[in-house]
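What follows is a pair of complexes built around chain A, which joins chain B in one and chain C in the other.
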Partner chain A sequence: MARPEMQQDTEMPDSGKTIVMDVLRYRPEQDDRPVLQSYEVPFSDDMSVLQGLQYIKDYLDGSLSFRWSCRMAICGSCGMMINGRPQLACKTFLRDIYPEHVRVEALAHFPIERDLVIVMDDFIEKLESIKPYIIEKQPRPLAEGEYLQTPAERDLYEQFSSCINCMLCYAACPQYGLNPKFLGPGIIALLHRYNLDSRDAGAEQRKPLVNSEDGVYNCTAVGFCSEVCPKLVDPANAVNVNKMEAAKDYFLRLVRPRGGGK
Partner chain B sequence: MNTPAGNGRRPYMRSMQGWWRRNTFYVEYMIHEATALFVAAYAVVLLVGLVRLSQGQAAWNAWLAALRSPGSVVFHVLVLAAISYHAWTWFQIMPRTLPPVMLKGKRLSAAAITRSGLAAAAIVTLMVFFLVRGLWA
Partner chain C sequence: MSINLKRSNAPVFWLLFGAGGMLSALVGPVLVFITGIGVPLGLLLPENTLSYTHVHALAHSWIGALFLFAVVALFFWHAGHRIYHSLHDLGLHPGAGAKLVCYGVPLLATLIAVYALASMGYS
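After this line comes the complex of A and B, so read on.
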């Protein structure tokens, strides 16, 4: 039986230390624009920023909204700006910020729905647009069994498959902030992951997105996306490798024979 | 945004004004991009030299004399500093732009790529420096 008397996600820490959390609030029904609200939060050394927010919600202000789920850096739900840098709240610890204030804001470059919750429709639509699944070369009957792949073939894309869709890279990318139509780092990394997969034959279908006006050439190689990625995906690498591919494609089509007389 | 009227939703879009001052990473990026202008400026200096060369010996010697003026020396020191910074930061980002470089079945580390880029730039710079000095002597 787990603590039947407790409704809360957190327990009262008894270390005696407190830290000030300045949280950007936005309640569309009452605020014209986001405003900072400060909370004094008791904390212990094992508490993450997420636990700090949970403490606020449980004991200080139940109206605070934020997304979270796994508490262990794999669901990608609790991305937010922590002291100006996009980070997972569950993977950032209060002890590392103390005695400074913790400033928590919704992920940059996305519209704020409420408090720390952003509108992620744009990201989801882009995610769908790249066909993030294996597109087979030809239909393959079940009887043929599973696809086989060597470890070397797997190594090619493994890094890019670690993406957890946390959108920290979008909050790190000023180009996305300036032009929200830009396909963006995380999605291009995922697109690259499928293109690199030996079982996949969908690169041609994804090409128009990569090569488009809002594709890879929107990137100016700021590189902050890869700095903030909690899963070491290195989306900047996926984007820039595809720039080379897009350029090759552009110039090669000038010399390549067309369609074999079809 | 799909926000049907009357559902209470009012997504707030924050301004991008002054975005590049928001953290040191962006500031360094802007300095890196700005130093590219010095690279372009020096290309112009060399082009002017080429034009003066085509105009004959007197024009060429006048250009050489202009290069030795104190103002020009200060300008060259400035350009050297800016281009060095540009090269340094450019090679820091280089590993992010390359497909995996395999060496004896192992992937070359980002640090190794940056180091070899910097070493190549230093070697070429020294070679050009001594070549030009040799031609002068």
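After this line comes the complex of A and C, so read on.
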């Protein structure tokens, strides 16, 4: 498949070095199961794994499918398993892996749609379920102006608001691998982000998700989610803080006056 | 997938697990030293530290009894919960039987501890 020169995503590197990229292929119309395919890719020291994949698509094999967009670790599209670890392809450099092979596979724990493209319906459904937006205490007329928030109030949730929905933490979480119904690290971090926001009054609505059988107690505090996060969010902290919240709610509901919430 | 909103009963066991973990982190090492190293080898501690009279006196005081009860019961709950979840982590997906053993043994140990301490009689 020839593309006009100007539209190609990569240029021919002229460093003379090549690296072998073993890429997981799955084309449902011809493959029974995913298989690795090797490509020898010329590379220069400034090339990311994503640029290596783009080189393959531009010059070696136009049929390779993968998601990408921003190339600078902000869109969260190019999460994949790189040598067995969930990473953003745009943030991982070929020079750091050379002379080893680069093994690139679709994100673990998700069904594969094609090659490196995963099915993310489960994640999107969970994302919608937590109401990831500010829920006002009461409707606020425009005339009242903007919400004011102190720096201290913002610091509470800022870290958790850095999530880019890249799903690396889901590929890292052994519990999500064992039970895909588990709400999971990233979604709980986002839920926590809104609960902590001084402008938000939605914590009560989000509580049943935290407390449920597929909620926070599926976590066994492995902590790998926080290690792989490319935006330095700490989902493990969000999950474990909410275990205590759920435990308080479990017992306090027994002493709370009726009608005062569920 | 559909979102499941059934409330989990995990907090009961998670709190017992957490309390046991905290207690074992605080007093576990020193208990190992006293019972496993110090007394048997006569290091730092007098030989009769764990003599019947001493331990009986400990168990016969309210504070001592409470301490013994907490250590025995909470360590058991912590261990049972840990083992149960480790089985799951190892991919053994424990069924009702494993659950019964992992949580039944701590329950039994708790009841035995209560019975043993209560039968000493306190005034």
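By definition in this document, the second predicted complex is superposed on the first by the 254 of 262 C-alpha atoms of A that agree within 3 Å, B and C clash if a C-alpha of one lies under 4 Å from a C-alpha of the other, contacts with A are read in each partner's own complex, and residues count from 1 in each chain.
In this text, a residue touches a chain if its C-beta (ideal position, glycine included) is under 8 Å from a C-beta of that chain, and two chains touch if they have at least 3 such contacts.
Since the model is a prediction, treat every value here as computed from it, not as a measurement.
Once the two complexes are laid over each other on the shared chain, residue contacts for A:178 go to chain B and to chain C alike. Contacts of A:84 after superposition: chain B is touched, whereas chain C is not reached. After overlaying the two complexes on the shared chain, residue contacts for A:125 are found with chain C alone; chain B is out of touch.
When the shared chain is aligned, chain C comes close enough to touch A:215, but chain B does not.
Of the two partner chains placed by superposition, only chain C is touched by A:250; chain B is not.
Taking chain A as the reference chain, the count of touched residues is higher for B when chain B and chain C are set side by side.
In the superposition on chain A, the residues of chain A contacted by chain B and by chain C overlap at 121, 174, 178, 220, 243. Interface residues of chain C facing chain A in the complex, by the touch rule stated above, are 1, 3-12, 14-15, 85, 88-89, 91, 93. Against chain B, in their complex, chain A makes its touches with residues 26, 28-29, 33-34, 84-85, 108-109, 111-113, 119, 121, 156, 174, 177-178, 220-224, 226-227, 234, 236-237, 240-241, 243-244.
By the touch rule above, chain A contacts chain C in their complex via residues 121-122, 125-126, 129, 174, 178, 180-181, 208-209, 211-215, 217, 220, 243, 246-247, 250-251. Residues of chain B that touch chain A in their complex: 1-2, 8-14, 16, 19-20, 22-23, 25-26, 29, 33, 93, 95-100.
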